[in-house]
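I've put the structures underneath this note.
Both complexes shown next keep chain A, but they swap its partner, so chain B is in the first and chain C is in the second.
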Partner chain A sequence: MKGRYADENLKWIAPLILLVILLPFLLRGATFSYRYYLYVLNIAGIYTILAVGLDVLSGYTGLVSLGHAGFLAIGAYTSAILVDQAGVPFGLSLIITPLITGLFGIVVGFPALRISGMYLGLTTMGFGFIVRRLIIALRTWTEGSAGLEVTKPLLFGFTFNSDWDNYFLVYTFVILVIVSIRRVMKSKVGRALMAIRDSEHAAQAAGVNLTRYKLFAFFLSAVLAGLAGVLFAHTMRFISTDHFDILLSIYFIIMVLVGGVGTVYGAVVGTLFIVLLDFLAIPIFKDWLGSFVAVEVADIQSLIFGLIMFLFIIFQPMGLYGMWLKMRIYWKLFPFNPKKRFT
Partner chain B sequence: MADLTVENLKMHFSGVVALDGVSLEVKEGEIFSLVGPNGSGKTTLFNCISGFVTPLRGTIQYGDKDILCIPPHRIIDVGISRTFQNLQNIPYMTVLDNVLLGNHSGIGNRETVRRWISQRQRKIEETTALEVLDFLGLANYEQRYLSGQPYGIQKLVEIARALVSRPKLILIDEPAAGMNDQETMEIAKIIREIRDDLGVTVLVVEHDMSLVMAVSDRVCVLDSGTVVTIGEPAEVKAHPDVISAFLGEAAVA
Partner chain C sequence: MKFRTPVSSILLMALFIGCAGREPTPGVTDTEILIGNIQDLSGPMKELGMALPHGANLYFNYINDKGGIHGRQIRMTMEDHQYNPQKAVAAAKKLIEQDQVFCLYQVIGTSPCEAIRSLLEENEIPLIAPATQSGTMSDRSRTGWKYIFHTDTGYDKQANILVDYAYEQNAEAKVAVLYQDDDYGANVLKGIAEAEARHGVTVQKEAFQRGATDFAGQVMNLNKGGATHVIIGGVVREPIIAMKTAAAMGYAPQFLGISPTMDHRVALGSGEAGEGFIAANFAQLYNSDVEGAKLYRKLFAASGTDPKVMGMYNFYGFMTAMILVEGLERAGKRLTRDGLIKAMEGIKDFDGKGVFPGISYGPNDRAGTDAVVLVINEGGKQRIISDWIE
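Here is the complex of A and B:
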């Protein structure tokens, strides 16, 4: 009998992990500004964790969320307050904070038992706004809209001083999250979530408790967002409400869409694509465009991301990962390609 | 001693009478067909049994359990599983995964956690599903994504999903809808095998009379929410009320 996931090509995994480990060394050898690239990669890693969580909720379970920046904010602020003001060690905060964020996820999940689609998107968007207002209102702990300085991560007596150190911290969690979430999605839980997306009746007839699994999807998604929040707060070392606005939630959706909805790797690839584009390509493009007209980075950013989402939805609804899968089949069949299948 | 007893079931949908005092009994080990014109309440009866809608009045008992108060996702634990009239499959999952979905409540939480840590034990989870696929002649399809498969295969996958939890009673809603004669006979054979080889009681809703006549032990004819007659296929076919319900008054004379 063939292996269950024979199409998965596991031999790529080890080289990929090795590449992730070696990348900072390669970058240091290749360029003087490697610190900046590491900083960008750290942000990409943190957003990857969140995007995988969003994919669990919106891609697998089909519950749209436009409020994930809110969960990120809750994670970031909770950890900042716990570590700096309540004296909880960073290692403990890495466990507690995601769970607290997960509880918020369950609370936000309750409306999802009744509504779906665009209405749920609006509800979660409202949640994002509420979180921002709440952070400003609770100034005794959060210092309002002025922002909050956060201490460096300190784990087992080791302080993560630079982006170099943070890279290894962040990407340990990225790999852990990818592996464990992929396994969850291949188990009965993943099947139940996908069944909820495609046919609630089939799910119920198969014995899936809709209430429980929808809330679980929200919980898991929020836990990952909370984890991303902890890492965000302590590696960026400064957080303010400006970091977590509605646009960020929409960018998360774009990341998942561009990568490929309903695949963990898709979320990863999409996040890398969008973040690298954002930090590396858009400034160059802005400089080039700046020689003709006066533009701001923020304008181009929205324009390009909007355009990318547009093009992907029309031409590649399966996203980058789907494109890769199609390409692989194409080369496998090479001289005998039935052309119609790839248009 | 696990008969399905439906008694005096009444269901209205905002004024439209779907079921008006339906009583019937499905004995263990028989193939029982429900026929009737469109809107006669066959699917509503199915939905009542599987818990998707709650009837206004009446009782449904399975064995000695009252299954009306059981929520839809618990019905499968009683030993009743069902398929749907319109395909309710998960297109972006493989055939095998679709079938495994049916065994959702059969896989315990502790096992799931154990499998989450070690992937070695996945095979055990799959054995039953592969057996069922084999049984339905779908062994070659296990790794394929359902989205590209023909309608007939998708129908069979749905039956496989209902069978994998090892139910005692299976409700099949219009298995032959949209099939040609040859496929219909294939379905008839499968329904008989489900009963004979797996020992599962079958309750089937069907429009295709050739299928109904070929497989059923007993047939119940519904019309506008009431039972016209219950009996063996041959006597039902000859019943004057049945002929008038299906073909109109003129045909009786």
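Here is the complex of A and C:
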């Protein structure tokens, strides 16, 4: 292990963790509606876990997924059913559910052995739709699209009753995930995944088992989404198909894109940025704009997200790898590009 | 549209601090009652999201101009949930903790309302007239049922009534249902199952997916099954396509619709195929002759809003505002959340100037009404053809 992080400055890690621990206390001191902010932070934390997983898949390995809301849904519903209907303890569900979701990841991963880029994006998007339909069809357990009430997290005899309790639960896992995924990505496995992203042929020539590593990337990514799902179900305490729509999958991609693909910290920063923008900044901006412009400002959300994504795709050349690669080649060859190749 | 501004909430906080001495109820001052409304302002139902609060504010302003409720003006603050349950929870938390609203009102959509149930219970805050007709809203086996006062007749009860109606019209009728395969449809099927048991018959059931554009298979099956009365549990577009498909196939059963199909767009869009289409509705129409509807039209005209949006959704907001105001009036001068719940439970046969069949609640009753009127489509015009049916 020696020297693995030699190229990084780790001094600020401890203060950062301290800040994470102190933040709720600071918020409580600053505002009496701190619970609302904690709720938003909890959402951000849960999405961070998922975004890190998505980054492993799309950022490190270069496999686009537009179906991660599906994995989140599988995790959430599996845990809700296991804990509330099968009587599995929450602590055990925290281990089993991600593994089950991971198996789904492997299943979805199989097509990825053959297809890539836009096609993989479409396949995974289809997966997201299938999951939603499946939840509705499995009415006996999921109550269809009416949604499912979920019990509070109960761990070692302690019930996580409020957003305050949930915050510490969620962020414990956030820190664990960040640390462990960074270790994995700095290891042989991580290098193999990046090699696949950069060139499958070269990776194969260097002895990387494509099948195994691609499936592993899907597995790991789905495991993290599953973990996020467990936390989601039990801290939000109500799940329905309306939670997990296609737009959410796209938001996840935006989070990873905005943060910078292929870096764990990027996914973290991107998620925080997008969630805080979505829940806190845009509503204030909307109110402010609405107070003196007599236009319909409701749609400003989509506008801002679209614009952000647009700008990041142009100025952050790491995202949606396959699509970007096409674009880059196109502009490089412009205006001498053979049109047929791109239409 | 009025939006909350940081300045006003700071002022409100200052008011609270100023009122020290008496245990203050959140959102209630000597001059104002602040209520919170969570609408879909930028999601799939944003047309409704704009209309409902507009209609509600017409009535609130009317009451405010008359001096308010026990000297207090009603003010409504809005949040947007984009039809996303998670955002609905965030919005509710914000309204409860940051804006300190007295109660919630007209939160739109089934899943957003379901999502905030535990929040209602934790904060002991009532939700008056959730803007959904799902029968689950008044289900007393669910978390926080005590805090939700549902107005509308549930889909299950409507389906029940429509089956009865079909048999009344024709004792030899063969009833079928064409339902949307989701929670809405499930609620409709629940009512159908009850009706099946009562009449000792089997109702033919055909499902479709929300957003479906091809109904040839279902209509063919209905035709094959010989259905004479088809109950449609859809919203707007799907019923139109289903009826047009049937017309194209030369199959003409009597189509009946659950209340979302009462939307005048169904009447307009289905044209010839929808002639004679009968939909259930839990209240009188905005253009009817009852006192409440007249008042609504008068206030609407005075507000100078585009008459195009005068239809059912604005009126829906207006009607439910009457129920909230009735509850607040009954709760008296010393307004508390618990007091509002008790006052709401005391409402019996409240007809809202004639627009309702009679809204009643009780300590163990959260379903406002079980009755509907039937609305027929004649050449794109809607007309009520029945009394209240229960």
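To be clear about the criterion, the second predicted complex is superposed on the first by the 300 of 343 C-alpha atoms of A that agree within 3 Å, B and C clash if a C-alpha of one lies under 4 Å from a C-alpha of the other, contacts with A are read in each partner's own complex, and residues count from 1 in each chain.
In the analysis below, contacts are C-beta pairs under 8 Å (C-beta built on N, C-alpha and C of every residue); 3 or more make two chains touch, one makes a residue touch a chain.
Quick caveat: nothing in here was measured; it's all calculated off a predicted structure.
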Regarding the shared-chain residue A:R28, is it in contact with chain B (first), chain C (second), both, or neither? neither
First (chain B), second (chain C), both or neither touched by A:Y36: second
In the superposed arrangement, does A:R182 touch chain B (first), chain C (second), both or neither? neither
Does the superposition put A:A202 against chain B (first), chain C (second), both, or neither? first
Once the two structures are superposed, pull the chain A residues common to the chain B and chain C interfaces. none
Under the touch definition given earlier, write down the residues of chain A that touch chain C in their complex. 32-33, 35-36, 39-40, 43, 136, 139, 143-147, 149, 236-238, 240-243, 245, 279, 283-284, 286-287, 290-291, 298-302
Counting only contacts in the complex, chain A reaches chain B at residues 1-2, 4, 6-7, 180, 183-184, 187-189, 191-192, 194-195, 197-199, 201-210, 262
The answer for chain B against chain A in the complex is residues 50, 52, 72-77, 81-82, 84, 88-93, 96-97, 100-105, 107, 112, 115-116, 119, 122, 125-126, 130, 143, 161-162, 165
For a test of understanding, state which residues of chain C touch chain A in their complex under the given definition. 1, 3-6, 41-42, 46, 49-50, 79-80, 82-87, 89-90, 93-94, 97-98, 109-112, 114-115, 117-118, 134, 136, 142-143, 181-183, 186-187
